[in-house]
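What follows is chain A paired twice: with chain B in the first complex and chain C in the second.
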Partner chain A sequence: MTETHQSIPIGKLLRAENSQFVAGCRVRELDTPALGALVKVRLEDQSEIYGLITKILINDDSLVRQLVSGVSIPTEYTADNRYNRNLPVEIHVLTVGFAKDGKISHRLPPRPPLSLDELHLCDEAEVRRFTAFGDQAYIRHILRLVDQPVEELLAAHLRQTKPLHEQTGDTGWYAQLCQKLITLLRDDYPRLTTVLDVLTELEHE
Partner chain B sequence: MENSTQTPNEPSPVIGYVTGGGLEANLQVRLTVPPQEVQEGAFVVIDSNNWRFYGLVTDLQLTAIDEHYANQLNSQRFAPHLANYLNSQTLYTNLAVMPVLMNEKGPELDSPEYPAWRLLHTEDSDPISVKTIPNHHSPVKLADKADIADIFGEENNQNIFRVGSTREQGHPVCLNLDKFVQRSSGIFGTTGSGKSFLARIILAGLIHADNASTLIFDMHNEYGPDTTSSDTKASAPGLKGKFNNKVRLVGLGAGTSFGKLQPDFTLEIAHSDITTEDVLQLSQILNLKETTGTTLDALENEFREDWFNAFMNMKVGSMIENDEGKLEPAPDSVAFWARQAGIHSGAAEALRGKLARLFNRPYLNNSPASNGLKEIINTLQAGRHVVLSFGKYESELDYLLVTNLITRKIRDAWEKATTEFQINKIKEPRPLVVVVEEAHKLLNREMANQTIFSTIAREMRKYYVTLLIIDQRPSQIYDEVMSQLGTRISGSLGDEDDINAVLSGLPGRGGLRGMLAKLQPKEEVLMLGWGVPMPIPIRSRRYDQQFWIDIFGAERKPMDMDQASSFLGFDDDSD
Partner chain C sequence: MPLNFASVEKNASQYIEQAKQWQLESAEKTSQLNDLYQQACQDPERLKQIIELAEESLSSLYTAKPLLESPDSTYPLPAMPAHFTLLAADGSQIVPSRHRALQFGLINVGLFKAQFGSGKTPIIDLVSELIDFTTIFTDDGALISEDDVGLIRDLRERVLIREMITSEDIQPVLTVTDGPLDIFYRSDIQGGKGSQAQKMVFELDQHMQRDQIITAGFIDKPGSAMLHNMLDLFRKAQATAPEVSNNNRIRISDRLLLQNKIPASHRSALFEIVSKRKPASADRLRVAFFYLNVGAQTEQPWLARVEIPYWVAQSPELVNFVHAVLYNDAQVLDSHPYPYALHRAHELAVVRQAEYEEVENLLLSKFEGQIQSFSPRSNKDYWKGQK
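What follows is the complex of A and B.
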């Protein structure tokens, strides 16, 4: 897993636990990370922790509040507040696996990453390798999320990942993933049908 | 009809796995193949540890892990492949399997446990009634040819006789004819269900195997002479034509003939062979009163075996003038005899009047040319088979009188032979199957106590005599007789009462009832009862040319003139 060693980081870690972590980035760096994208953090021992972006959060501060309540805001004020503010954009990441000594696992890592560890986007080959590993068990971490639009997250993830597999002629990956989702969710009728609705929409795009 | 192409003897694939159930409530099996690949009544095997279980599919049920999945049309809401995945994971079919038999098969031949197991089990065991159940998730397969042969035997064209084949895969299903004749049995089915062809097939099997004699009361001249099928208009060979030496065709009354075919001998019954018991058994049909018994007793006391003839010759209403000029019954009159015998003359005259229907039966004769009754018994005891054709005497009275009379003689003869065998152990009596058509006429609730047949059904197997009853209305047959039937082979039956009658006294009636009700109107039959290891619906064998080729081997064609000359050594080339 050295291909992305020299990729540009999209953020640095603010806080972390085993199952999720939050990185911060500047607004100007925000054009690359996207909801559902596979990201990773490299630890000191060279192991890597993989995660999916589940939420991108832009916090307010007192200045924004004052500006919002103002009658009219000059354009340069808006731009300044957006791009030069001291508050980072928060990128919330759901941990979905790790790699140690080049071996991928879809379990949670033994330890979370540390603050200021760099967050990188995975490249296409890496996405293919991680998501096709084993029997796609990483998907269970997504379904575990509560109080979040899981269906949308899935749709966003699949919209990015499905074409990557299909580019290499692997149409079975998506079929297998659909079956996996049905297996995991079939005891929850409302949730599964919503997920399938989203997948159907995605296919009709 | 039977599949002409037999499936090769390869192991059947797994069709599902056990998910629940038990002995009482049937096993539940989750089907992993489309439901159309399995039919109600399918014979399945379930391997679990060292045991193999044999069962019968009694129901198929569509179900879902959540009824919402079944209630909406997934294919309309979701992308087609998603709907397919969803349906395959959430909708399924459950089989209800009635476990019937089990057999200890032991570990796999190549497993390390096998030698130790074999030491403890030196002989292969036979299947026994099911006493336990397979484990959860035991794989379920449709029985293959070998499984069916394990249970029903392997056809040998002798006592293990093929009656048909399984409906799904066409594997042969056999009947053990030795067991079949040990108890009374029945063949049932509505008109046109192929009942009489099935009876012919089984009778041909019995005659060919030749382990028992058969006496066929052929009311409609169907079994002896060749006939034409009423449905297909095809010619159907009779048993006489096919088993000429083994079968004797007996015609009732002098001068009976069956087209070109002449009977081997005719049956005329001597008046002296008719007992008062025979007449009493006709009480219902002759509408005899309660006083009949007394009158008949008096007749028998006075005239012994000549009573029938003597009574026939008495005149009704014949009077003479006495010395005092008064009219009184003439000495040859019924009234004269009645007065002498102390019987009410009115009752005697009424009986004489009612018996007139018997007196004018042409086959009843004071001095018949031959003793047909004795010849029938001798023929049967010599190991041959008799088809008694009623010819033109098709009335119920003829049928009741003659069958009762002959059967009573048979009972006497076989009881005697059995007693002798028990004493001197020299000659075991030849098993005899008495084939009765339209059996409800003889074995209905009212008649069953009067006719000899219910006794045969109940008790005569100890004396080597059993019944094979052929009928379209089993519900009309006395329950006590029905419950005695060992083997029952039933074609399609429309009436609920008939279905219940066929199943009377058998375990697992609930599941079998549906199976019986849904048989195809033709060709499909359900075999069940004591004589078969487990109930099984089958596609019956066809009574056609192939049947006879299977039985006798390929026919030998007659030689033409050239072949004959060559065979005899008159070859033209020789000079």
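What follows is the complex of A and C.
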């Protein structure tokens, strides 16, 4: 896949493994990334690793804990802690696929990205291309997550992605994805019920 | 190897007994000095005269002299101004070591500027400077000491904090550094470096005074015994002064003497630092100070010494400004009250071991293989670095 002008750098990698990675960014850069958004990291060999933001974590340290428990602080010092201090916001990303030589795969990449690699937010065209590829197999990575609000992540992802496909007249994408979810969750009735509940909520928005 | 705790344990009891005895003697001496302090405060003018007489007659002196306020008076927290600028600077350093492959010194100064009332994010800066290669050796070829590097750092802090002030800064402007305002306390400085540095500090303050920029030195948990020294002078001049234990090894710090006299958020009276030593320097900053109880509760007093230039001490309005700003800034970190701005400057400036080694590697890499003229890192230092 190709780099587009609209992809926005939102952070740099702190740590990674094949199935997930964590990037750090400053609070000033936090207005762009959102839960469920599709992001990517480009490797030195020009291949790209794709992921979904599963968690955004605001770190603390002993000074922040003191400020929280202490007297009221001036607004200037709140800003100092948010924007000046070296406490990166952590963006946790679930790997959902990769692209090599322009070919997309919804499997895990052979190697994880490296620390300090740049994390980019994918633009609309790229989101459409990646999520419409094949039979939307990337969604299985989300369903594999444990101890995380999978339904909420799905809702956040679909709320961003569904309108992008509808804008280009692709109304079948969402229906196909729902069918995919039903297939994947056919043996897990309680979970399927919750997911369908989230999808219903999404359709009524 | 960990500590040999059995060996420490063997001596611990004796150590504790000695410490307890020392504390008992200190408490007794504090009580005696309190009586003497009360007596001295009854006639502040006489006390002042005694110190001025000592100033004329003694060649070496380090004591406190009351200014216009009664020495036993305290002053409540003044109102905090809504708009002002607070700057803080703090530095750390790498001291050249003969054990390393390359001898180098580095100064790292953290700067923090907050413009209160603006709502703006404070400005931070970090200035890292290698000390010139020729400067890291003394005249007799030895490496400069930690005190020498500390002196360079203190001077840079004062220069850089001045350079950070702009005409756009919200007035009034208060700059604060950690430690005494003058730098006479670095007793190991050789040659004329000490007096040269004092002259620089003096000239910097003259610029500050011209621009009405207020400077302050904040000394947390101060250990000086200027009031004890002052009371010694008073006692010697009095025929009927109360007796004080003659164990001169026990010096009662001003902090201990005043801690139950200054309520939370109050400050003490103003004093001037009287410091005479040889060689005397004409161009020296005249420094005044007060003790500030930065604690929020009377039951837990925590005294800091705040040093200000003498010209600031002449203006009650400016003294109130320093008092209000530093107390309130320390309350931001109220579990262990210490000015937030200074803490941030320190946080910026700290040089860690990994960074020390990075700088050394950077310098070594620039020799491009021509490093043979330098001796490698010492074996002792190598093994110290192994885990």
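Please note the rule applied: the second predicted complex is superposed on the first by the 200 of 205 C-alpha atoms of A that agree within 3 Å, B and C clash if a C-alpha of one lies under 4 Å from a C-alpha of the other, contacts with A are read in each partner's own complex, and residues count from 1 in each chain.
Simple rule for what comes next: a residue touches a chain if its C-beta (ideal position, glycine included) is under 8 Å from a C-beta of that chain, and two chains touch if they have at least 3 such contacts.
Keep in mind that what you see is a predicted model, and the values were worked out from it rather than measured.
Undergrad: In the overlay, answer first, second, both or neither for which of chain B and chain C A:46 touches.
TA: It touches nothing on chain B or chain C.
Undergrad: Using the touch definition from the top, say if A:77 reaches chain B (first), chain C (second), both or neither.
TA: After superposition on chain A, A:77 lies in contact with chain C alone.
Undergrad: Taking the superposition on A as described, I'd like to know which of chain B and chain C A:66 touches: first, second, both or neither.
TA: So A:66 only meets chain C here.
Undergrad: In the superposed arrangement, which partner chain does A:199 touch: chain B (first), chain C (second), both, or neither?
TA: first
Undergrad: For A:168, decide between first (touching chain B), second (touching chain C), both and neither.
TA: A:168: touches no partner chain.
Undergrad: Name the contact category of A:183: first (chain B only), second (chain C only), both, or neither.
TA: A:183: touches chain B, not chain C.
Undergrad: State which residues of chain A lie in both footprints, the one left by chain B and the one left by chain C.
TA: After superposing on chain A, no chain A residue contacts both chain B and chain C.
Undergrad: Which of the residues in chain B end up touching chain A in this complex?
TA: Result: residues 65-66, 68-69, 77-79, 81-82, 85-86, 89-90 of chain B touch chain A.
Undergrad: Would you pull the chain A residues touching chain C in the complex into a rising list?
TA: 63, 66-67, 69-71, 73-77, 79-80, 82-85
Undergrad: Which positions of chain A touch chain B when the two form their complex?
TA: It is residues 175, 178-179, 182-183, 186-187, 189, 192-193, 196-197, 199-200, 203-204 of chain A that touch chain B.
Undergrad: Show which residues of chain C lie in contact with chain A when the two form their complex.
TA: Those residues of chain C that touch chain A are 114-116, 118-122, 124, 331-335, 340, 343-344, 347.
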